[in-house]
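So, here come the structures, one by one.
You will see chain A twice below: alongside chain B first, and alongside chain C after that.
Let's turn to the complex of A and B:
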């Protein structure tokens, strides 16, 4: 028995001297759903924000004659029933005289094998490395035949490519916007809570003003204030700033509330008694006590940011073409005609839902891991 | 202010002198936060501490002991009064001089704070849970730009050893320690900058009795070794007796009596001190308590009684006590008391 007990002692010791964050990590790891959400988010961000150029078979603005082509299924069995390596049929143009519409039907005479790591449009991987290898594609002249896993849009552009590229702006607007929100909300929250008095009064009334103001008209006013000669990238950053500007109030209030209780702790007084500056007390002693709370709130409110971008762009108030985001893609899908004749344009919805689910799972997991009242375990 | 103002002619020997210190907290009501009155938490406290000695500051809960000690180091800005402290931090050549802390600028006050350290009551709350022991003890040095890599780390280890902790505790977090150990960390932090005065705000009242004795002994050893002066705030007279050279007794924001510990315990001159002393438990099962039971409640500091604040509860009170507040005066050498009848009463000590 003594032999078995011996190694247990140092192990326990090691666990005892873990910091708060390693304890949080230890508890988080036990939450399967939270970990799954985290992994899903990493996969989403890597594929949509980092390397969409590589994953997409074509370049973003690569147009073709295949206007509104439906999704082309990858086939393993040809028309004679023979099993083959994966391939797609070429597309043949027809005109539906009844509907007076151009349609595309598979041309079973032309078969193009689907390959991995094919050469195609040039791009810069991560904005640095020039490459022309794409994850998958077909061996064919792009003027003659293409692979459209999720169909094509009104300009004959591959819709999968557009969803992949569009994710970059939509996912990053959530992260960057939330980052700005955290910086603004935490700074103003801690100042408001620490100094109290007139400063607190001003900050709190200002957040109330923002919260009471109806959102859509405010968005419209702020978006209208963006000059239309600005470059799309400047518009993008302006929109991020607008979203952050409208979002920091709630966070500032929560941080203020926490700081109000933390500043009465004796360790804050102790720092003051040793001559610490206000800045040191605020940012070294008070803010770290609020981080766990802020991280949870931030994680749970990133989906709100992403949805806000999507909704605004859908309304035509946010990003505008040629910028491609999930919001602008939704705008294309938002007509009765699109839903009736090109329903594949709705494929932009699943990635949005997936992202939001993933953030919520991660946020719930983090909250359980950081909540001191959830019990050790 | 020159040193001629010090008492007893022990010029230059006095490290800290507090005169007429007051701290009133406003009571605000209503939408417009109108001030409707004041809580006189500290109302005319005068005391002094000589270098190398311990002044015990005792009184009931809520009598303003903690507030007074926090006013001395300006954690709260006092409403009125003077706090003279002999400091080296403000003169370029390091010669000690008496300064009124309440007249210093923020920046000057922060420099003086190197020489006045504080030990807090609650060992759980007074250490930042997100910092390691090493960071906690290093913090005063970092704040005053005295942290030198290597050298300071050695000093921190030395301090840890000195307060009875092990060097391998350095990388741990406060929650991994017992109450007594945490208080030792707080003591090590207080010593980090070699202060001359340490304000101990009930440092043992949150600890077990067995740990209390250890911690008190440690504080006494450190005092001898580092030539420290203490202001030792407590509500427990037996604890104060164990550690203090002199004792000041507070009642509703005022110091009512201050004398050498021996003298005060044997020969109290204020009726409140007598009542407190009669409540000290004696380790003798056959002892028959003749404890003085005071009538009434502690006076309300937002609405204190007229004259002497203690008169409604005092068994010796006369008419004068209701009309006139007694002056805090030196009745015998080094024995100060605020009572009209100090000379005529023969009070019982321990």
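Let's turn to the complex of A and C:
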């Protein structure tokens, strides 16, 4: 008995001194929607940003003769009604005389089994490891038959591959842009709240001015200003910087407000009376007090950035081909002609929406969890 | 009060000049101008006299003059009601915008009325019947609407309309009414097209409004004056609509000012582009893309103007609705 009781006492004491973050984690775990959003985001980032080369059956720019081929269904039952291992039919070109359209129809004479871990186009996994294994594919000469789970685009490229690769730029622009916003917004917010004076004046007026500006037009005007002879990568980074540049104001204001109240707290005064330098007080003592707010604001504003990239690229003001992002893919998908004749190009929309909702769910869960002393739940 | 309004207007004017200057400068940023693009086009077509033609245009639009001179010229003419000429359309800006202003206003009003007529009752219902099944359904829908970007929703609606129902939902009129004079049939045709953009704006706009209305009303319902009204034996309906909602609606009035007024100029341009609506939004986006600076500049100035007017109107409305607010 005594043995059993002994560890119970320290365990209880440990519970009493739970840190802020472990309380946050405890509360966050109870929010099913938030956890679901978080897991969804991990899956999305791993599959779209980390290993799209492995998941995609072909290479990004691998063209074929199968121009605008519709999605290939994976079949289990052949034309005689026999059940067998998954396979796809080959494609045959047909001209629809009524609609005056060229279409692709399944050719039931040619069957290609669908396999996992097939060899195909070569790539560098994570940019390092040379590989040619793809998650799935068909056993066939790629000149003769292909598998297009989500159809093919106007150059006969596999659309699933393009969506997978395109996610990388779109998803990362949100993360990188938000990182820049946080660095700018937190630094200027802390300085502006702690010192006041000219920096405060600048931050205040600047954010007011940005707020007076109509938002989307400002994005568009600035990204229209990116010279079109720049290399695609330079355009990408410039776009990220523009998005961050327009976003930091709100964050700086929030941090400033928090710092204004934090700097009057006892612990800040104590640090000051111990002779800590201004920089130490600002970045060591005050800034951590704002992190929980900043994390929530950042999580909830990443979708806005991803959408801004998507919308701008779609309008032809953001990223341009040969860069492939969800926005540039939308350029081909969002026309009346495309919706009528190649509706599968709209498959780029679900991943965008999924990402946005995942971030919103995660952000909502975090917002509730970040305030563990509120006594709710 | 009068003092306050005058000061606000003075401040707004200064901001307007600043915004117009900065937007002019931003449009100036890209290397080259509209005419450099035009030269390339003409050359590509093999037009030998391209240079001379463009030189003539350059002088006509004053593009050979320095930046500041051009801005001052444009600004002075702007005050006289001459907004300059669009390069792309080769017509006065006022004519282009004027032709589209009517539809833009109709659309803005239609979507606003639709959205608000839905959002306020839903918000009130979901606060009064907190945690009921209805509240939960409304919460889920508003959560989805909150994150849903309008132009993607427009694409989805378009997809279902075209593929599943084989409907034409693009534009504001059917082809046969496009150029017809106004008649009962044309109005009905307009209404049959108007519901698509109105519905899209409603779904995307309703989420935020419902959440705010619900949260505020919940706070208000717990306050002593609501209790007092109940204690006086007033009907539940009266307590909610006459006492609680009147106070809880304040933040929505601020949103009304900052959202609805600007939307009269370029309400949801992206949705309008997808649905090919004849409003100002698409023209504006196009002008930014093509460096058509007088057209773009005019749009931005009007947009900012509407934003400032909207904010002022919202503040005045707020003071009128809620006598506790004193404007300083």
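The rule is simple: the second predicted complex is superposed on the first by the 359 of 377 C-alpha atoms of A that agree within 3 Å, B and C clash if a C-alpha of one lies under 4 Å from a C-alpha of the other, contacts with A are read in each partner's own complex, and residues count from 1 in each chain.
Keep in mind that, in the parts below, contacts are C-beta pairs under 8 Å (C-beta built on N, C-alpha and C of every residue); 3 or more make two chains touch, one makes a residue touch a chain.
Since the structure is predicted, the reported quantities are computational estimates derived from the model, not experimental observations.
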Label the relationship between chain B and chain C on chain A in the superposed model as either fit or clash. fit
Which superposed partner A:267 touches (first chain B, second chain C, both, neither): first
With the two structures laid over each other on chain A, which partner does A:156 touch: chain B (first), chain C (second), both, or neither? neither
So, A:20: does it touch chain B (first), chain C (second), both, or neither? first
Give one of first, second, both or neither to describe whether A:280 is in contact with chain B, with chain C, with both, or with none. first
Which chain makes contact with more of the residues of chain A, chain B or else chain C? C
Could you tell me if A:339 is touching chain B, chain C, both of them or neither one (first, second, both, neither)? second
So in the superposed three-chain picture, is A:352 touching just chain B, just chain C, both, or none of them (first/second/both/neither)? second
Just to confirm the geometry: in the superposition, how small does the C-alpha gap between chain B and chain C get, in angstrom? 10
The chain C residues in contact with chain A across the complex are 15, 18-19, 22-23, 26-27, 29-31, 143-144, 146-149, 151-152, 155-156, 158-159, 162-163, 170, 262, 266, 269-270, 273-274, 276, 284-285, 288-289, 291, 296, 299-300, 303-304, 307-308
Hey, which residues of chain A end up touching chain C in the complex? 209, 212-214, 216-218, 220-222, 224-228, 303, 307, 310-311, 314-317, 333-334, 336, 339-340, 343, 346, 349, 352-353, 356-357, 360
Can you list the chain B residues touching chain A in their complex? 70, 73, 75, 109-111, 113-114, 116-118, 120-122, 125-130, 132, 139-140, 143-144, 171-173, 176, 186, 189, 193
Contacts from chain A onto chain B in the complex sit at residues 16-17, 19-20, 265-267, 269-277, 280, 285, 288-289
